[in-house]
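Please find the structures below.
Here chain A shows up in two complexes: once beside chain B, once beside chain C.
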Partner chain A sequence: MALTLFGVVLNRTGWVWLIAGWAALAGVAIAQPADMQMWSVKAQDRPSDAGDAVQLFWSPIAPAAEFICYIVQRAPAAEGPFETIATVVSIDTQYVDAAALTGDVYFYRVAALDSVEAGAADQTTSPADSLSAASPARTVDTIYTAVAGPVNSTAQWFNLRRLNQFLVIIILSAAIIYFISQARSGKQLYVRKIAGLQAMEEAIGRATEMGRPILFLPGIHDMDDVQTIAGLTILARVARTVAEYETTLNVPVSRSLVMTTARETIKEAYAAAGRPDSYNDNMVHYVTDEQFGYVAAVDGIMMRQKPATCLYMGAFFAESLIVAETGAEIGAIQIAGTAQPAQLPFFVAACDYTLIGEELFAASAYLSGEPRQLGSLKGQDVGKVMAMCALGLGAALLTLHSLVPGWPILANMADWVGKVFQVR
Partner chain B sequence: MNVSDWLALQVAALLTLGIVSFLYKDNPIYKICESIFLGVSAGYWFTVLFWENMVPKLYENISQAGSRPYTEAGVPSLLYVVALILGIMMLLRLFPKLGWMSRWPLSVVVGATAGLWFITYMQSNALSQLRATLLPILDFQAMDAATGTGLSGWFNKYLGNLVILVGTSTGLCYFYFSKEHKGVFGGLARVGIYFLMVTFGASFGYTVMSRMSLLLGRIDFMISEWWPSLFSGWS
Partner chain C sequence: MGFVLIFAFFIPHHPFDALGEDVTVFFDIVAVFAFILGGGNLLRMHGNHIYTRHKDRWFSAVTLAGFLLMLFAGLFKIGQEGWCGAVDQPGAWFNNIYTATFDPLQSTMYALLAFFVASASFRAFRAKNREATILLVAAFIVLLGRTPAGDYATDWLPDSLSIFKVSNLANWIMSVPNLAGQRAIVIGIALGVVSLSLRVILGVERSHLGTDKS
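Right, the complex of A and B next:
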């Protein structure tokens, strides 16, 4: 039997058969349950998950040369009917049922398949295919475990595998809260000048002098994108200046929620500027959710109204170059801001000023002057300092380890730094 | 090609030409095409949102809550009643006296989004990036195994990790807002923006080429499908 196993064709799982064969030849003792009738499987809810998996553990059955494949079966009741959900090679004695639904009760059993039947099942190349081939009806020498269950998959409040992320977030949040409290207490928090922002008032003034409208695009994403929120915060400041200068503001949007929020934002800005009567809902108008339909409409608006200033603040995609090129064509001053890395090159090329990535959020905090936003910005700066320190420390440790590989303590320390940033 | 296919082909071609005519200048044909595009897309998206959100997520989950207490995603079905209430509150904008209530669902959307994205951004934009950037400045053990020949091979061997580390660190300096960009720090930030601009240049070229392929696809449609159809007619 063992020699036969050595001859098994080396397909995707061929190495497993070789190991099993080696184990049998070398007389490696594989733990065997004292009483085959008591061979059991343990089923439990997988800890630290969202309630979408059940874990199964069982002891190995011997001799490996004869029983070299396990079939995992599941049923909604202890008496069945059992359905085969997976085939597991003999060196594995555990399985995660990731298809379990929250709230449903399951019963499990595991069958050990003998070598002949397993070999037949192995003729297929994928586990999914082998399910059908290894049906219980064909396993005449199959030994089943006792049925385990009932077990149901439940969600846990805490994912302990993400403890490192929790600690990083706690430290970052503490820094943010500290700076928010500092800002609220009246302390002036320094934020460096951002070139695009300095030009914004100048651009609005230019539109006023020319008697042309100002076009503001908040991107094409909905309110669930933080870039849209930052864009609307900037819109609040723009609207206030526009209200003071009595210029025309035009805000075409592609999402209904953004339209509602933008209207509220501008309304409040006009009220704060002491000109609530100058506000009207038509300043913000919905166009369409369709990306290129929106672009077609915006291009038409630009060519017909010829705005003197175009502001693009939010999440933009393929439409970025189209609108920015049209803006350049009509000779408008253009200021853009987005955190979409792929679109930044187009804005940099076609606009007068561009807020790159986090500058968009910094601009939002800077313009609003709100303690919460300023504190958040300063807290994130603390995070950047921590990141730079960790990078320097990790790089130094890894380089030293590369130079002196005989010192495992260096590798362990570098590994520890890496684990702090590991995402699971 | 039957009559309906032939007509659809002509409409597609005319709309394509109408939109492209914007390259010349804003004109009545473009305005017609733009209006058709807007009307059709707005109607299309309304239908999509109705049948893919309102019906399966709201109506079906609430109406089947008795027989199916949890959705396939593991969410309690009755939780969608909260979404229904928030949706109704949003529509209260239509009544001026109750319009203030529409701010509540907006607050829920913005607040929940901020909380969710905080974790997601922390994982994808911060921790994963940092983990991938933790590299030895010079990996002496891996040098022998470095692949590639010529300049790229030499670069990977000696400078690859260094460029990643310097680019990331100086980029972080540029996005540090609590200190003015002056002196040594200003120099580091300047190096960071150089890295960004080189990246933007590469990205610009790459994306322009992908846009060219879109244009070529449209030109191919006009030449290989529309133009022959003018002479072949329908059968």
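Right, the complex of A and C next:
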């Protein structure tokens, strides 16, 4: 039912707020539950946080449909004064007081407002600004629950909700370090061949034969993105080969920090190749931070200079297909690598070789051929085995549950397996 | 520092709770000052092109003119309102140039994507081998299933065969084989990030710092 009041059309939610506000102003219409002695609120420090929240739980008042909302009140002492901090407009029976200060002591109580329209409550929770201003008008007698407290919010030293991630990281790190040490001790480790990386030297050689430059794009993100770091580690390997072949390298970048880092990377690579004199700062040049300004400039460079080899290694977005198609247009051999799943199809369609996801991060280790770095790749496989086992187990449990619905333990176990890998 | 940030992710207690954000702010401050290097490089490189009468000097002249114009408009804020107002204020020089010139140019570049998608699809969807044929058929079903024509073409199928309606087939392709592949890639990426991060933090991978020596 909608009604126009003072020019405002009231819908269901409007009615709720109107009634809640009226009740707070008048201090009336507080319903008396039949089992008042049994109804209480539980207040506790929110676990695994920085000490800035208190959780409140209470049992629903029956029948819930007769009550329109709960009012949550807070006080620094058991005897008050209580201040309304929120109105829970629904059948929700919990609330998080995120305005609690670390170390301060609080007392809480909850009241239920009787409803004139059964079932008018909805699922929203919001601060009761209008109510808090009017709360002094209310009397203590109208509050239903016993006062809960004292409770104070304290900070914890470990986030237990992230325990699963912590354990997974510990296992992964231990596996990677173990395989690095194995590789150090001289053990031969098998790493599968990556076609895109095997073609890298061939692509550089082709540019040398054709007397054309090599274009390298490290993506459009800054140095705080691990994809950019992965791109620059590949640039170091590429630059070393380029220096040995005495080919021209062109690296337009869209971030100033990437420019300075890429310059250092290439300078050292040229020095390591024994050709420090061939290096010059103009190899790496800043274009613009703007995404499409950058891609326009890169397209222009490609059409004018006609590089024989184009390498795209880093974080790419909408510009991925624009640059890759321009590269295909000029007949360049193209190798791309990114960890942006949405851009991979574009690179696969337009480039000769594509490093898919993890291959981008493995590229530098693969190209270096160093046992220690290859060992770290082997450590990743432990993570893959864990993921495959979890996927297989979860799928099997859920399939069994669908076949035997009378065994809820199967669904619970599948849920548990899912939670082990849940990111919070 | 890398290890501290990793452990800070699991410690909600002060000062670790805000450490990640603090480091991000530090990075932003460094990046802002680094922009002076980028701007300087742009001026030097394109100025050099003009000075040496490089064959691309006209492009460089346009680049420099645009850069200096925007720089001047952005810095020339001597009033509170009108032309010299804040950069995001409607009517200000900077805002006018941005919305009337730069925005349309960006949109133009973005619009080119539609044509590139067409040309890339033309090349990718050739039935050269078995895998390419599967890709072609899947792409055809998904494209058709996303249009009203797809629904219309298979609307006559009875409810018992509704799974074979093009829109349902397209949804199945996107939510089962495609999603499974995407998740496999994402899991691989997560493991790759952990591995590379450890290599960098432990000093095994130092090539991005310009040296292989650990």
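Definition applied: the second predicted complex is superposed on the first by the 259 of 424 C-alpha atoms of A that agree within 3 Å, B and C clash if a C-alpha of one lies under 4 Å from a C-alpha of the other, contacts with A are read in each partner's own complex, and residues count from 1 in each chain.
The working rule: a residue touches a chain if its C-beta (ideal position, glycine included) is under 8 Å from a C-beta of that chain, and two chains touch if they have at least 3 such contacts.
Because the structure is a prediction, the values reported are computed rather than measured.
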### Query
Which partner does A:M303 reach: the first (chain B), the second (chain C), both, or neither?
first
### Query
After superposition on the shared chain, which partner residues are touched by A:A273: those of chain B (first), chain C (second), both, or neither?
neither
### Task
Answer with first, second, both or neither: which of chain B and chain C does A:L355 touch in the superposed model?
neither
### Query
In the superposed arrangement, does A:A414 touch chain B (first), chain C (second), both or neither?
first
### Task
May I ask you to decide whether A:E290 touches chain B, chain C, both, or neither, giving the answer as first, second, both or neither?
both
### Message
Which partner chains sit in contact with A:M313 here, chain B, chain C, both or neither? Use first/second/both/neither.
### Response
neither
### Message
Quick one: is A:Q373 in contact with chain B, with chain C, with both, or with neither? Answer first, second, both or neither.
### Response
second
### Query
What is the contact status of A:A43 with respect to chain B (first) and chain C (second): first, second, both, or neither?
neither
#### Entry: Touched partner set for A:D225, first chain B, second chain C, both or neither
first
### Task
Under the contact definition given at the top, report the residues of chain A touching chain B in one complex and chain C in the other.
50-51, 155, 165, 169, 172, 223-224, 226, 229, 257, 260-261, 264, 287-290, 292-293, 296-297, 300, 304, 318, 321, 341, 344, 346, 348-349, 356-359, 362, 377, 383-384, 387
### Query
What does chain C use to touch chain A in their complex?
6, 9-14, 17, 24, 27, 30-31, 34-39, 41-42, 45, 56, 59, 63, 102, 105-106, 109-110, 112-113, 116-117, 119-121, 123-124, 182, 185-200, 202, 204-205, 207-212
### Query
Of all residues in chain A, which touch chain C in the complex?
48-51, 155-159, 162, 165-166, 169, 172-173, 176-177, 180, 222-224, 226, 229-230, 232-233, 235-237, 255-257, 259-261, 264-265, 267-269, 272, 282, 285-293, 295-297, 300, 304, 318, 321-322, 324-325, 328, 339, 341, 344, 346, 348-350, 356-362, 364-365, 368, 372-373, 376-377, 379-380, 383-384, 387
### Summary
In the complex, chain B touches chain A at residues 19, 22, 25-26, 30-31, 33-34, 37-38, 40-42, 44-45, 49, 69-70, 72, 74, 90, 93, 102-103, 106, 109-110, 113-114, 117-119, 121-124, 126-128, 130-131, 133-142, 161, 165, 168-169, 172-173, 175-181, 196-197, 200-201, 203-204, 207, 211
### chain A to chain B touching residues, read off their complex
50-52, 101-103, 155, 165, 168-169, 172, 190-193, 223-226, 229, 257, 260-261, 264, 287-290, 292-293, 296-297, 299-300, 303-304, 318, 321, 341-342, 344-346, 348-349, 356-359, 362, 377-378, 381, 383-385, 387-388, 390-392, 394-396, 398-399, 401-403, 405, 414, 417-418, 421-423
